[in-house]
Amino acid sequence: MVQAVNDGLRTIMKEDESVLVMGEDVGPKGGVFLATENLTKEFGKERCFDTPLSEDGIIGVGVGLAMNGMKPVCEIQFQDFIYPAFDQIVSEAAKMRYRSGGQYTVPMTIRTPYGGGIRGGLYHSQSGEAYFAHTAGLKVVIPSTPYDAKGLLISSIMDPDPVMFFEPKALYRAGREEVPEGMYTVDLSKVREVTQGGDAVVFCYGAMVPVCTEAARRIKESRNKDIRVIDLRTLMPLDEEAVLQAARDCGRVVMVHEAPRFCGYGSEISALIAENAIEYMEAPIKRVTGFDTPFPNTLENYYLPDARRVFDAIEEVLDF
Amino acid sequence: MVQAVNDGLRTIMKEDESVLVMGEDVGPKGGVFLATENLTKEFGKERCFDTPLSEDGIIGVGVGLAMNGMKPVCEIQFQDFIYPAFDQIVSEAAKMRYRSGGQYTVPMTIRTPYGGGIRGGLYHSQSGEAYFAHTAGLKVVIPSTPYDAKGLLISSIMDPDPVMFFEPKALYRAGREEVPEGMYTVDLSKVREVTQGGDAVVFCYGAMVPVCTEAARRIKESRNKDIRVIDLRTLMPLDEEAVLQAARDCGRVVMVHEAPRFCGYGSEISALIAENAIEYMEAPIKRVTGFDTPFPNTLENYYLPDARRVFDAIEEVLDF
Amino acid sequence: MSDTLQIIDESGKKVGKAPRLKRETLLRMYRAIVSTRSFDDRCMKLQRTGRIGFSIPNKGVEATSVGAAAALDAAQDWIAPHYRDFAMMFYLGIDVNGMFDNMFGNADDNAVGRQMPVHFSFRDPVNWLSISSPLGTQIPQAVGVAMAMKQRGEKGIALTTFGDGSTSTLGFHSGLNFAGVFGSPVVFLCQNNQWAISCPSEEQTASESYAIKGEAYGIPGIKVDGNDVLAVYRVVSEAVKRARAGEGPTLIEAVTFRMGGHSTSDDPSRYVEQSEFDAWEKRDPLFRFETWLKSEGHLDDEKIAAIRAETDAEMMAAAKAAEAKPRPKLGTIFSDVWEQMPPHLDAQMNACISHFAERDEAVDEKGEFPL
Amino acid sequence: MSDTLQIIDESGKKVGKAPRLKRETLLRMYRAIVSTRSFDDRCMKLQRTGRIGFSIPNKGVEATSVGAAAALDAAQDWIAPHYRDFAMMFYLGIDVNGMFDNMFGNADDNAVGRQMPVHFSFRDPVNWLSISSPLGTQIPQAVGVAMAMKQRGEKGIALTTFGDGSTSTLGFHSGLNFAGVFGSPVVFLCQNNQWAISCPSEEQTASESYAIKGEAYGIPGIKVDGNDVLAVYRVVSEAVKRARAGEGPTLIEAVTFRMGGHSTSDDPSRYVEQSEFDAWEKRDPLFRFETWLKSEGHLDDEKIAAIRAETDAEMMAAAKAAEAKPRPKLGTIFSDVWEQMPPHLDAQMNACISHFAERDEAVDEKGEFPL
């Protein structure tokens, strides 16, 4: 997937001179995961440049660039390091259009690798999407395939509002899928149906999509039930109608994410259904999530939801 | 309520020499809301002192003090200004015990006024409790009466872990309730039943407690139904059993808070019930919340949930 | 204030080389200061009578703002402002009605009644970034604004202002560091007005001065008498010139004084000694400039009285007009969150509108702003 | 490096006044540096063979760490460390087994296998705060630690270390500012090793030096040759003395070089010129100290070989022991979040334990750490 990100950046930078890439080590080194490889070489260091070690600076300067005609793509090296920039993101980027009555706007994209999968421990593994989904004025986008990564990234950069673009680092090296050359976009705010089915629905995103797909496959194999796996892709704005429709169609729901459960993104999905479609529910709305603890290191694979935990949860809702 | 906070601080400072109060303007001025009035006079500026204008510094230094034997009570002048300290709170205070295997701990309390009620617009009105409730390692406490304010505050300061103590500024001048003199504590993690009833339950906290109580009174008046109003008080750790029990008892649930709805704290309450007690539900789980926008100024009173909006929601669940 | 540039001293006497400025310009500067005082007075009255919730007095700091504004080219330069320097806008030719629309948060307010008073946002007569309550956030933003102009080969520069207290924020540190590294065309103007609410300037930092903080970022730091409008003009002009010529950023510390409370609700007698007020009263920037202008023959008492009467009348009229306007429509709670309103917000808006259409309006009681 | 204190020059010759140190102390310093190299080598091998995930090489910067450690009183002083200076621990007498337990994240690890390797946390032989990945956060924490001691009238001080890159973080700005204002007994030691991953020290800030940043906080700034263990010892000792005497904080910039990649996974040839490596190779702190010790008669080749063999063996043995230990129990995912485990977490723990009890273990595949 990381090549698709790189390809997306290159494509939109060619198309639109106002697109800039900035962050720590994004220049000559090409980024820690090589997502920005060769961009400085190709577009010059005016268009892709390293910054001092300050996330507050990266985002604050990015907000200024965005207000004055540029489309900055700011990289935060790991999502875990976004918190020094939290004020600029939630107080400034998210609220600029609103507080200025639309006089100033912030067409900025914040790219950052998130989630587990590299034995990164507490601070190279977090999934903080709920913080941002709760913040009005931001969009939150998480791809799960190379195709979507490129298309959603281009859409995010072209979007007139600030977009948090979370890249599941566990999938960076996965999926050898070819992505189309050149410009294309993927709609922000449409879910993707990964598998079809009407016996239960599993909502997920990012690195949990292949995990859930595998669980669905095993359920099919062992019980011949058809599970609908839905990749939410755009967490904000959420395609609520699609979520509710799937919940109504299936009557049995499982929500899966890596982030801790308590007040996690999944709680919103549950709440939404409990508020608008509870009468269709034939089982409890289950959540399979990371635990309500910081992210461990040695035991990472016990912390992260895996296909077996998802499988068990699907069984539970099927058997209720 | 603000006198109760002041009294709580004074009481525990007398009791425990390691308690310090620090923040912007908490010294001679006594804080913007006078929560720390006269503490410098009474305890000296070693025990209650002004700091430079850096929330990151206030919390970062507080974490250091806490790790080395003190019990700092850090004031953030308005909850809206806590974001520059977000990294120190979520990355450091919250994770210190975990990442050091208990070798270092952070018995710190972060006091801050939150919520609407003073025509403070975007940045003097926010309710950010969900950010912190989602962060493992923090406790989140919100009083709604002077009695609880003092008792919960003392408990928070004595707690061995970092506590976010959110004070509903709309109630600072409300409630002329006398509070007991001297030391007393209120358990962290027990809800408070404000009114009894079995026809529906309303969960709420902070400034929404009187609003919900008023709505319940009106329902009693107009429809002779008994509504149980529950003040959650400690949002983390949540007394989940009490929440589920009330939900099962009543079968009809409304959740009320000022914060925006999407991924707000209420979504966790809904999700919890949808996961563990859905079979008892006789109506959708309704949420009455602030809107998914930044906080407005002129139209503040249209933004904040009021007794009529809560009343309508209770009617809806009763009539479903 | 040994190493602090001064041109007109406290008694109104010229002690340095005055910049060559046209009479109209000088009078425009003077009028801007007088307008600010009129605005302050009007707002204090409005707040005391409960018609607006809050204002930020500018008395004492106007020379810093006006001197800086006069050094800009409004057609191409941007301002990333602090909240206590809107005297700049009077110099630059703002429509006062727009300012009072903001004070009342009415339907015509640029901020659509969403922000507290004095949180202005303008595109005209200059790009004046939306004022934020969180302190210091405008500083790195100004650097970004400036970098964009540099990148496009434009000649505009960004001026950003902030208080002494704001130098402790993260935005100060990251903004100055980035500007130093990228050589961005920015002027950083620190309004050292001796206080950050109740925290005195000397307890904000142990550094020798605020200007010296530039050293930490490789940025020249200059200290100027902030109550001397000509000295501020001179220093800011030079910094603007350097920035425009591609020679990078400058940090300026303007030494001035907040001649009153932090806001209309603050009582400074709790923490400021009367003697401090008295001492600074003698350095009043308006008195000083007025005296000098008189001595140069640009002003006389009659003219002064006329200008005061005019500005008072202007503020009164604008306040009246703004007060009479309706408040923003309910839908404005929901617009401008994103360019396109997502379905969930649309649903919330419709529910809200029908809720209040069916019934009375919301109770309009409001709490008092404490500070 | 004109204004940079040096005592032993690059050839190992004494060019300044050496501090009076006992032979044992000098040899303990030497051994600490050698131990660090042994540790580095062992970890590099372990990482290359996939037995640990990550390490942070310390080659080149050991003199800075060891010189600083030697200036402390471990019984009362605290350390709020950066991740690239654990050579300090070898000087202070750490049990190497504890370090390798952390590298493997096994059941005996102080951090209970929760942190990445090299994120040490100790109470013994010194209060060494738990290392954090987020940069700069330890700096204000050190100030708080120091303030607590000052408040209680204790004589301890806090030493905090950080890289050149970390000076751009918020923690640097707030930490130094608070320490300046409160006159806290802290020593700020900036390890300027020329790089922050791939960002060269000159692009991190435009300031003349890192030491000069002290000016912004009213804190004396001193530059020292970080490859000269005696010079570092001298400068840190003086700063510690000042702090202990209640004379406030000091900022020290130790000029040194990261003689390799950022981490075991980094390939510095993508961004560091070979000539830079070559130039610094000649300033190797180990070579220099060794040469001087030899010239003073404290060391000879035989002794050197013996020490190397001993430290290598010690590391090898500790690594083996640590590798053989079991990993932490499942329940450790859930403990230490709060002092008391709340019911919801208890439920999650029980579900997790019974899930894995019923079935096989989790798949133990792991992604590669990229940097």
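Think of it as A, B, C and D in the order they're written, each chain with its own count starting at 1.
One rule holds in what follows: a contact is a pair of C-beta atoms (placed from the backbone, for glycine too) under 8 Å apart; a residue touches a chain by one contact, two chains touch by 3 or more.
Since we're looking at a predicted model, the values are computed, not measured.
Give me the chains shared as neighbours by chain A and chain D.
Per touch definition, common to chain A and chain D: B, C.
Please report the minimal path length, in steps, between chain A and chain B on the chain touch graph.
The fewest steps needed to get from chain A to chain B is 1.
If you take the mean of the Cα atoms for each chain, which one ends up farthest from chain C?
Using the mean of the C-alpha atoms as each chain's centre, the farthest one from chain C is D.
Could you work out how far the Cα centre of chain B sits from that of chain D, in whole Å?
Those two chain centres are 39 Å apart.
Starting from the mean Cα coordinates of chain B and chain C, work out the distance between those two points in Å.
A distance of 35 Å separates the two centres.
Quick one: report the Å distance separating chain C from chain D, using the average Cα coordinate of each chain.
45
Of all the residues in chain C, which ones touch at least 2 other chains?
114-115, 119, 132, 134, 168, 170, 173-174, 177, 181, 203-205, 337, 344 - these are the residues of chain C that touch more than one other chain.
Would you give the residues of chain A that are in contact with at least 2 other chains, written as numbers and ranges?
Touching at least two other chains: 52, 54, 56-57, 80, 83-84, 87, 91, 98-99, 122-123, 136-137, 236, 238, 262, 292-294.
If every chain is a node and each touching pair gets an edge, what shape is that graph: line, ring, star, complete or other?
complete
Over in the complex, which chain B residues touch chain D? Could you list them?
Per the touch definition, chain B meets chain D at residues 20, 46, 51-52, 54, 56-57, 59-70, 72, 84, 87-88, 91-92, 96-105, 136-137, 139, 160-161, 189, 236-238, 240-241.
Once bound in the complex, which stretches of chain B touch chain C?
Within the complex, chain B contacts chain C at residues 24-25, 27-30, 32-33, 50, 52-54, 56-57, 80-81, 83-84, 117-124, 169-170, 173, 261-262, 291-294, 296-303, 306, 308-309, 312.
In their complex, what parts of chain C are in touch with chain A?
So the residues of chain C touching chain A come out as 78, 80, 109-112, 114-115, 119, 121-123, 127, 129-130, 132, 134, 137, 139-149, 151-152, 158, 170-171, 173-175, 177-178, 181, 336-339, 342-344.
Mind pulling up the chain B residues that touch chain A in the complex?
Contacts found on chain B: 80, 83-84, 86-87, 90-91, 94-95, 98-99, 122-123, 130-131, 133-134, 136-137, 236, 238, 260, 262-276, 278-279, 281, 283-287, 292-294.
For a test of understanding, state which residues of chain C touch chain B in their complex under the given definition.
It is residues 53-54, 105-106, 113-116, 119, 132-135, 165-166, 168-170, 196-199, 203-205, 270-271, 327-328, 330, 332-334, 337, 344-345, 348-349, 352, 355-356, 359, 361-371 of chain C that touch chain B.
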